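All remarks here apply to the structure that follows.
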């Protein structure tokens, strides 16, 4: 059980690089006992010293190396802004690795990753980890952004067999959203058969599911929600799964973050 | 206040630092982050007779120094709790206090029956903030008659098990309700549960929560909790367990000074899971 | 919500942004920092028939995102207020709403008589959080009968003057009290006054305030205020004026979305005296 | 009325110097319209951007020059710590000048100043201002500190005719507290006749008053209290004055900060 290995750690900020107008790549020193994180798992970070903001903020793990944990932080509010203002040498309190399920790939299979925005993060971790450990077949990343400013996929060009980029404003790559590009690539036979993995806005994942990629063995997605405990205790971050009798809630932090896309009750989720 | 054995009712606790009901779930989810063995007790998430799926829609919203939650008593139900969760918590070395929902009268009586048969349950906490499903929907703990009924039944059916009455602060005169609880036989009073609050989503223009109203916890409510504990401690002889916004060792010291015999930590474990242990350490002789 | 003339009772206000009673004193103290002319109204500090010296001991204590105050209705008394303070406030171009203490019945009736003779008073706000000096000491606004009495008398004696009823949130069911107020003839409901809280001085181990209990205001209480305003707006037809913790333009927008016809700014002027004007600006058509 | 001249200003931190283990001298750019502050007046500073701490913090004015406002900040809690961590170039929001009464001296008279800790601040301002504008007789500063670390009087040696230092631990100057030194200097005839001005801990001012310096025409003291509005509106910072009928409260921010020491009802003040 990964569950038993979570811990609370003080890490040091080794490097903070601005990688787009609103995003920062943070490299934290890896605590000795912090081990074995899996793609889709995350850490929760204490942002301020006082009560503002009150809650920790969850961030997916983008990479784990011998000495460091890599995160990607997009500034969207006060917590992320504070985190982005931290400097080399600052101490950062994290809890992790959190998340009770993760992306998995059978040895040798192909993997198609579909990402919107910072949804890229757990997918990059999966690609890197599997390339090292599992010798997958082809790995394709499909990445969607509003415009070319915010293309975070440039951070990980070498981690996939192929990277396909879509921008809404057409300034780079496919002109449209990432699901439209997915359909286009599928129709044109560019994507290999295999497993489908996604992470991004609810609308994106839902559209991807609706686009009915029958040629894929399965489609797993990593979800996000506002979190308090991060360990499945408080029942604050639940997602409704389809169920015959009544509603079936699962916690994203404890049972997720990774779910089969078709198990999710999309009518009730992400309104 | 010191780390030494003390009694509430017939139950002995090794120190006066407990986890509050709810934020820590069944306790076991926090293994690895909180040393449960070291605490006076772990009050488990409120359970009802049958499993409850909880509220739809958004369940959490941060506010200034506070947290609104609309979890809605999601729980696995008494059977699964006693069969699976409680043994695991005991295994982890924790001292459990089982929080019971004060639901409709029939369900409640069955819940008490089941609980009374559990050999490992030494103490319960009655969550008197549960809505009165039979009438209106205000918390059962706002009505002295109901309050008396729920506590009397618990004492009657649970026999030697210690009964804590956890009061809702959303009333005019909580100390009179504490006196009612004491007279009805409660072995201790826990105060406070969350304040009623709400938030608006400015994008939609509507309430953040499907149920509109949610429970406010965290440092924001501490002055209210401290006042309530003080008021209750003036009028009852049974121990008062203080809860509400405790976020530091100093905060806990304020509750002890206000008359609390023990404290519970809720929301703070989200941002500082090491706090309960630090409070225990601060009380070392 | 827009900056346009609107009525509460017979009184016309040019915009829905008011200063709350108390923090800004008689308004005039804030000249130079707040452009009083630009606001919908200035609710003046609660006055009583006779001058009141207020509470001894510490009067202020910061809490997390909140402020406890135990000022105790210190005020110059009706006579000095109407002779000195009100003319100065009018001179400054402000639209006053005069907050009246709901003190003992005799004093209250005299206060109403005096107020009714003031040609310049268009609107009053009844501070129903005042302690019931004749019985117990709980706020008069917690008892529906008293509430009705205070409001009915005000309407009767004040004639055409607009009467706002400012409710205390330290009750179980504020919307029923709002309905009582409406039926008694109130032209508008102001909600909320401070929550009851306290703090401990860890050096002395005793309460910070001589009176032990104090009033909690500021961002910490906003979720409670918002919930109360929402609840009241569901059940009354008269305008609801929202107050409690508003610290930003977004906060005020949440109150309007919850059903408030106007907002009042209290504690926030201490740290951000420019806020009321910014809210007015945000409502420009 | 100085009252009408208060305003809310954004100033720039020009210089922050650590002048003792716990104190910082802050130099703020002076806003154009910020004029005529008097000794005993103060500014109130917005410390954080959020709600922690909630209230502004009051600081006495130590000096006003053509382009700057000088303050002395002792770190005692989270607000002062945050203020001390501000860097050159940071914007600091102030309201001021605040305070409805101030230290006054008749032309040509001698002035004896008795200060404890940061109570020095308004007294230095008085000495500097009067030396420029009033041609006083002799000016003596009596300064008390716990030990030699925290002797802030070194900042203003040249501003007084004479500076007398007392330390409790005897590490420098008179061995004892500042009131004991006052008595000693009085008895030895070192202090000139004239007006007495004080600012410091309640116990100090009270002891000074009790030491009954009959040879002084008058004794004025500048008070401190936790403040909210700073303008006399909220009635949060009142001091009880002696009164025949009932209690008479005056606000320290609006009616003070300066009061005649013997008008204060010391039995009720500063328990």
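Descriptive notes on the structure:
Letters A, B, C and D mark the chains in the order given here, with residues in each chain numbered from 1 onward.
Here is the rule we use: a residue touches a chain if its C-beta (ideal position, glycine included) is under 8 Å from a C-beta of that chain, and two chains touch if they have at least 3 such contacts.
What you are looking at is a predicted structure, and each value in this text was computed from that prediction instead of being measured.
Touch-path distance (fewest steps) from subunit A to subunit D is 1. The interface with the greater count of contacting C-beta pairs, when A-B is set against B-D, is A-B. Centres computed as Cα averages put subunit C at a distance of 35 Å from subunit D.
The mean-CA centres of subunit B and subunit D are about 49 angstrom from one another, to the nearest whole unit. For subunit B, residues that reach two or more other chains under the stated contact definition are 64-66, 219, 247.
The set of subunit D residues that touch two or more partner chains comprises 51-52. Because contacts link each chain to all the remaining chains, their graph is best described as complete.
Remark: subunit B residues 64-65 touch subunit D in the complex. Of all the residues in subunit B, the ones that touch subunit A in their complex are 22-26, 29-33, 45, 53-54, 56-62, 64-67, 69, 71, 74, 218-219, 247, 267, 269-274. Every residue of subunit A that touches subunit D in the complex is listed here, in rising order: 50-52, 78. Contact residues of subunit D toward subunit C in the complex are 3-8, 46, 51-56, 95, 226-238, 240, 246-249, 254, 268, 271. Interface residues of subunit C, counted against subunit B in their complex, comprise 63-66, 68, 138, 142, 170-173, 195-200, 202, 205-207, 212-214, 216, 219-224, 226-227, 230-231, 245, 247, 250, 253-254, 257-258.
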